[in-house]
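These are the structures in question, set out in turn.
Next come two complexes built around chain A: one with chain B, the other with chain C.
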Partner chain A sequence: MRARFGLKGFLLPCVLLIVWQLWGIAQPAQSAAPVPTHVFESARQLIASGDLPLAIFQSIQRVLLGFLIAAIVAISIGLLMGHFRFADRNLDPIVESFRPVAPIALLPLAILWFGTGTPAAVFIVAYAAFFPLIINTIFGVKQVDGLVIQAARTMGVGRFRILQTVIIPSALPSIFVGARLAMGIAWTSIVAAEMAVGAKSGGGGTGGIGQMMFIFYAYSVKLDGIVVCMIAVGIVALLIDLCFRILQRKVMPWAH
Partner chain B sequence: MGTLVEQPGYPKLQLAHVSKQFNVPRSGEQVRAVTDFTLDVYPGEFLSIVGPSGCGKSTVLNMLAGLDEPTSGQITMDGQQVDGPSAERGMVFQNYALFPWRTAWENIEFGPRYGPRARKLSTQERRAQVQRYLDLVGLTGSEHKYPHELSGGMQQRCALARLLANEPEVLLMDEPLGAVDAQTRVILQEELLRIWGQESAVHDRRTVVFITHDIDEAIFLSDRVAVMSSRPGRLKQVLDIALPRPRVDAVRAMDEFYRLSREIWQLIREDAYRASISQGTEPMVAPVHS
Partner chain C sequence: MRARMAKQAPILGATDAHLTERILRRISPIVVYLRSMAVVLIVWQLIHLRVGNPILLPSPLAVAESLYQLTRDGEILEHSFISLRRLAIGFGLAGLLGIPLGLFMGFSRLAQELIDPMIEVLRPISGIAWIPIALFIFGIGDELPIFIIFYGAFFPVVLNTIAGVRTVDPLLVRAAQTMGVTHRVIVSQVIFPAALPNILVGTRLGAGAAWMSLVAAELIGAPSGLGFSVQWYRQLLMTSKVLAFIVVIGILGYLTDRSLRLLQQRLTPWAVDTGGAR
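Entry: the complex of A and B
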């Protein structure tokens, strides 16, 4: 992991930045093509004005809340489905028939139910994050080594205790995989949701990062700003994933 | 760690006309794994079941543990019918079945912490108990390692300590030494007898049912050896092992040891040959037509 963030890891991005800059310079003067120097200037302004930090903060809150709701619901249902065959048989068709429905397709419903503010965006994020979490939880529970469960049973340990002390720890690595996938999907859907949901809430950072991108696109036509937002989302998501991996090492020291 | 002997001479475990049939998942065919198996196991005795691969010996053990239910016949412990697993009948598995997310210490602690006796133990008592069994099996110093950091022999010691720390009355062992190398195996056989307490009086020992396909191992460890034949798994014969205890390495060189080994091998030989063919492995011995 250290090597990833070492100097060598920055070589390719630097080369790409230089190529990008040169390409921008080669464009006609009136072109809206964003180049690194303009993007950098844009980022400086957006950070200095406080708009970007506010928008990012708003989106992080929504992502974390939606993710948390999804995690609680998906992990509990996933444990049931993985553990009890009747739960799997009854719930699997429901889960699988919703899974191909894109989060964005639920936007009209979300807006009708929750209006155009935070609750609608959180709903979209929770919906999107739900599927990778539940599918990996079910998989995690189903692949628990049967012998290990038998070992616990021959020690006279009750069923609920086995769920708690054997099945959940066994399934944890794949639940973590699901959580990391879900977090990525949560970010892709928050941007889309905020673009649509917060469209009428005016400028500034209160609409979240997606809303900010929408304004740069639809009103001020500032491509530099959009690129800044993209980069900001990338950096934040990377940092969150890093937190997950650190947490993973702390919670599952045996897996390394 | 005394075993409660209800009545002298009264069997600890009884298998009466036990049969087990399995449904083959796809064909719906019925396979008879064990047929009309009758055997009494006495308190404090070390009994081994030997037989060729696929003779149903593991099925017998699983039924004793309560993990499998007999199709017909009855299994009792101290006169009570066995229905489902219990802390009184602890089991060691061939591949140890240790909890990979728990250190050696935490594995051994599992039974005392989550088992039926958990409430009766204070934290200090539990710690002392874990430490005692950790020392007994010779894992002192490795208690903070995870199973994957332990060698095969050490994993087996850990599995044994985990079993003993739960203080079951009966120890069920399913080829516990099957996965360690030959030299470690010989050492662990002697260790197992020491840990079992072969130097203490019979009524202080726990009842052991031990599954193996290694005839010499069965003779070295046991008071009695039950020989099974395959297809369908039946009890062929039960032999008394009249070798002196404590068993030390020199026992392996005794004439009686050799005689018993030959006798059991003659009982198994033909079945073992057939088993070796049906599993697609090279035949190791010529068939005996008698």
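Entry: the complex of A and C
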């Protein structure tokens, strides 16, 4: 971890950036090739006009909504499956059967069911986030020390209170791991979903960063804009991860 | 003597019971699986009847029929082959470049310091976000999905390989060095085997990412393959065929993971569970 971003670390990115810029200068003046300076200019414009922040905001909103739906369903079913053998035995085949289906593959179906707007994107996000969440919740609940549960039961604690005070706190670190993974996948799939929606709906006004990228590709042919969006996608991914790390430290200082 | 006989009989009975129990234990997961999936199919059928529109949701039977028909026509085989070929090339390249790079970065501090920031800058940009610009560079065809697959699989492979090298006991390396073994032999005989469990974990994670990237890339920018087929039949509003291809994607995704898990069990039987929760 130390010296990770030492001075030497800047060497390679800087060299690549300079090479990229030089390559761009060598291109003919009319070419649409993205060059760092153009990209920077384009980023400034997109941010100043409010287009980029709006698109990012819209995508994040969808991710959060989809994630929330997935979390409610996955954590409650996961708790059931982790706690009751009966539920685990009968539901596990269903979960395992649907898990290998790539979320994006369901997009055409989602478009058919919900149209090309927000609900289709939210559906894909929820589906993608569901599996890491449920699997890690089950794993977390199964790891709870059986003795502690028995101890609580001997002391006459009710089932619901055991769940509340024993099982959930012990399973929380694992649930958090699942949530972090799920959020990463959710962000990836929202970009794909919006991009595919943009590709197939002819660039309607449903917005989102993925569609913005696709419009830059297919309609206005602005490669600088695409690069700006890619960088924005990366920054948001980093921020999401950072938020989770901070939250994790705040909520569960013991699980590090 | 009689006492012995009396003792033996119940033992025989016990082995009998043991045998049936063993058979039951073998069969019962299958029974449970079929039972659960039967419930899913029944619910599906009920929703289908309630919706009443086969374009929105065809019945399970219609999907099974499409599946049969598409298999008979060879369409499923053809598109699966195209997709799997792309997966193999992209994923193979990721392994071929990612594992040596990871070994090198794990081994050399300088390489780590030079290259790691670059990886940390590129990694958060998901492979899928590269699709529009890759469309410009490669156009619609084989190269685009291969590139996206490669990109998606590359980072899990590199990062887990580095982590694997870090777990190697430095004493082992030093012991080999004292015995005058060359660098190359140390890497191939000491570091690589010790890092193998992590490398295989990275490979499995990479395969998962690759599979997701494959479908996305084909859906958006490829004239063939499984992702393309799903999208194609949606445009024709042949939903039962859409679902048939989704089933195929699920089965192949499962088999990919399964075969890598088998490889893991074969090569590193002591470290199968290091896969952790995904």
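Here are a few things to note about the model shown:
Please note the rule applied: the second predicted complex is superposed on the first by the 213 of 256 C-alpha atoms of A that agree within 3 Å, B and C clash if a C-alpha of one lies under 4 Å from a C-alpha of the other, contacts with A are read in each partner's own complex, and residues count from 1 in each chain.
Definition applied: contacts are C-beta pairs under 8 Å (C-beta built on N, C-alpha and C of every residue); 3 or more make two chains touch, one makes a residue touch a chain.
Quantities reported herein were computed from a predicted structural model and do not represent experimental measurements.
By the document's definition of touching, of the two partners only chain C reaches A:P93; chain B does not.
Of the two partner chains placed around the shared chain by superposition, neither chain B nor chain C is touched by A:A48.
Once chain A of one complex is fitted onto chain A of the other, the partner contacts of A:I25 are absent, as it touches neither chain B nor chain C. In the overlay built on the shared chain, the residue A:F10 is in contact with chain C alone; chain B does not reach it.
Legend: residue contacts after superposition of the two complexes on their common chain; A:C243 is shown touching neither chain B nor chain C. In the superposed model, A:P169 makes contact with chain B only, not with chain C. Within the superposed three-chain model, A:V177 lies in touch with chain C and out of touch with chain B [touch as defined at top]. In the superposition on chain A, A:V148 makes contact with chain B only, not with chain C. Note on chain A: of its two partners chain C and chain B, the one contacting more of its residues is C.
Of the two partner chains placed around the shared chain by superposition, chain B is the only one that A:G156 touches, whereas chain C remains out of contact. Touched by chain B in one complex and by chain C in the other is not one residue of chain A. Within the complex formed with chain A, the chain C residues making contact are 32-33, 35-37, 40, 55-56, 110, 113-118, 121-122, 124-126, 128-133, 135-136, 211-212, 214-216, 219-220, 226-227, 230-231, 233-235, 237, 239, 242-243, 245-246, 249-254, 257, 277-278.
By the touch criterion given at the top, residues 3-6, 8-13, 16, 89-94, 97-98, 100-109, 111-113, 132, 135-136, 139, 174, 177-178, 181, 187-189, 191-192, 195-196, 199-200, 213-214, 216-217, 223, 226-227, 229-231, 233-235, 237-238, 241 of chain A touch chain C in their complex.
Here chain B touches chain A in the complex through residues 65-67, 85-91, 93, 95, 97-102, 110-111, 114-116, 146, 148, 162, 166, 172, going by the rule given at the top. Partner chain B is touched in their complex by these residues of chain A: 145, 147-148, 150-157, 161, 165-166, 169-170, 172, 252-255.
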